[in-house]
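Paired with chain B in one complex and with chain C in the other, chain A is shared by the two complexes that follow.
On to the complex of A and B.
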């Protein structure tokens, strides 16, 4: 079983990295979106490996099923052509900057994790969803509600923006 | 070796079983659909191949496999062929957690309902991908409709499922089935009649079936999202559509009609589950050939102005009653 878990970890890592490379390297916006979706699916696999199937399925349901569909809609509305302003080859400098920008946080986080490894169990234990719900509505009640306030603000902001446009017409 | 025997072998058997079950259902329901359509419209339907045209779906399948796969000009080649695969693969997974009988359950997971809802949401994505990558106006229009429809109808569906899991305190389909054991009054359709109706309506929206098949709408969009697909590309969408229908009907019979439990105790078994699922499937076909397609604004109005408030009210009422 341990070998299988390692194999699964490798496969999911490849899926995540492959999706990420596809997302940044493709000139078509829709292909980039497919890369993002691939990465999201890989992350869901990682959740499964951590014995949190609830998070994994929620990830698929919300991000793959809803959020990426909405992004797709936005991409379709913009009618993104392949040959845009930035379709040409970028100068070497841009690649170096890009690599530095991605490697710095990765190296920093990697160094931190290596330096101070968190206490973890050899085999992750699944937390029953009942306990998860009690945690969210019990000991972590305030942060949980605050997050919903943020979503509420974002939603009313979106509505407000469209209302203003309608008024000007 | 022991790991293999204990964990992997049952899963393999379940996957192969799901494939066979999907194939049988596709053949059966393609035939039934055409026969139903025929008789509702006062004509015999397929009649030439085999007795009463019974071999027609098999021959059609062979025809689809024998045809040429065509990719349209300037279409996004990779995405164009990803879409039919992406719609097919999750369907197989969806059959695994459905309890067809006390023993006849592919895999008994705690979060079976969530698993089904999560993986069935891949279908919407595949439909959009297919419509967009075909490089066809009708395809894009179909995809645009599919987006708004998929996002909209998922919400009342989730809310009704949530009402059931509020009552039962579980997301496992096996547990939900077992809570409906005994006499017929234990079935959740009698405790949640409104949720049942909302679920049925949302089911038509989720599976893109008439009267809510706006994404393909052959009279206005020729075939919508799959207009450019030939041969098995089209075959995959077709197969997946029936696959999703059977899954949704199975989930509906587990949630509301007692799953593999009969109306009186002592007669439980897979025959009830299959019978209920098939009855719901026939209902879906019946509706398709009886009602005309709705307009797109009507489709969205039904969802946002009726189903969503009703489902929310139903959920709140359920929560209140559970608290008392």
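On to the complex of A and C.
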């Protein structure tokens, strides 16, 4: 059982890595989106490994189901260019600065994680979904309601932003 | 290496991939994809920390759920902004929208 968990962890890590590389480096935005979806599915697998099936389900439902469709609409509505939006060469300076901006937090956080490992359990405990529901309607009621308000405001703001008066064209 | 460290390294890789993409991408949609990568890394790190330590597991999972909700709201708003920018400038590249006023 232990070995199987390690194998699954390795497979999901590879899926996440491959998807992330595709999402960051692909010159076509649709391919980058496919990479993002691959990464999201890999993260959902990680949630399953952490004994949180509810989070894995929500990851698939919200991210793979809703957010990636939204991004796909964004690609469609911006008249994506033939040959990819990122096809042109960037100046060398951009790569150097980008790598520096990436490596600094990576080195800092990586050093912290390696140097001060927290005591961790080997096997995560599954929380029954009933407890999550009680948390949502009990101690964390206010953030739960605030999230719905924020979603409402975001949706109506999006409609308002893209509103076009009839006959204006 | 403990299990928590492994999960944290994976989420660190996600964060760095997102940061690198955010600096390299030259279109707004590509930057949005990178931001989603970073948010996923944060969620994974939170759930791993809540499940593998003595910390309240309910709080960790609900926090990640809230992050997902915020990410959905953010994606909606960014989509609307990209549509407005694309309509006004006929392009969604960052190099075309650097001027404040013409």
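Rule of thumb we're sticking to: the second predicted complex is superposed on the first by the 150 of 169 C-alpha atoms of A that agree within 3 Å, B and C clash if a C-alpha of one lies under 4 Å from a C-alpha of the other, contacts with A are read in each partner's own complex, and residues count from 1 in each chain.
We adopt the following convention: a contact is a pair of C-beta atoms (placed from the backbone, for glycine too) under 8 Å apart; a residue touches a chain by one contact, two chains touch by 3 or more.
All values reported here derive from a predicted model rather than from experimental measurement.
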If chain A is used to align the two complexes, do chain B and chain C fit next to each other or clash? fit
Touched partner set for A:21, first chain B, second chain C, both or neither: second
If we overlay the two complexes on their shared chain A, which of chain B and chain C does A:161 touch? Say first, second, both or neither. second
With the two structures laid over each other on chain A, which partner does A:34 touch: chain B (first), chain C (second), both, or neither? first
Check whether chain B or chain C contacts more residues of chain A in the superposed model. C
For A:54, using the defined touch cut-off, is the partner it touches chain B, chain C, both, or neither? Pick first, second, both or neither. both
First (chain B), second (chain C), both or neither touched by A:66: both
Shortest CA-CA distance in Å separating chain B from chain C in the superposed model: 14
Where on chain A do the contacts from chain B and from chain C line up? 54, 58, 66, 70, 73
Residues of chain B that touch chain A when the two form their complex: 3, 76, 78-79, 82, 109-111, 114-115, 117-119, 121-122, 124-125, 128-129, 132-133, 140, 143-144, 147-148, 150-151, 154, 169, 171
Enumerate the contact residues on chain A facing chain B in the complex. 1, 4, 28, 30-31, 34, 37, 53-54, 57-58, 60-61, 64-66, 68-70, 72-73, 76, 128-130
Mind pulling up the chain A residues that touch chain C in the complex? 9, 13, 16-17, 20-21, 23-24, 29, 32-33, 36, 39-40, 43, 46-47, 50-52, 54-55, 58-59, 62-63, 66-67, 70-71, 73-75, 77-79, 85-86, 88, 90, 94-95, 97-99, 101-103, 105-106, 109-110, 113-114, 117-122, 124-125, 127, 131-132, 135-136, 140, 143-144, 147, 150-151, 153-155, 157-159, 161-162
Residues on chain C engaged by chain A in the complex (per definition of touch): 1-10, 12-21, 23-30, 32-34, 36-37, 40, 43-44, 47-49, 51-53, 57-59, 61-62, 64-66, 68-84, 86, 90-93
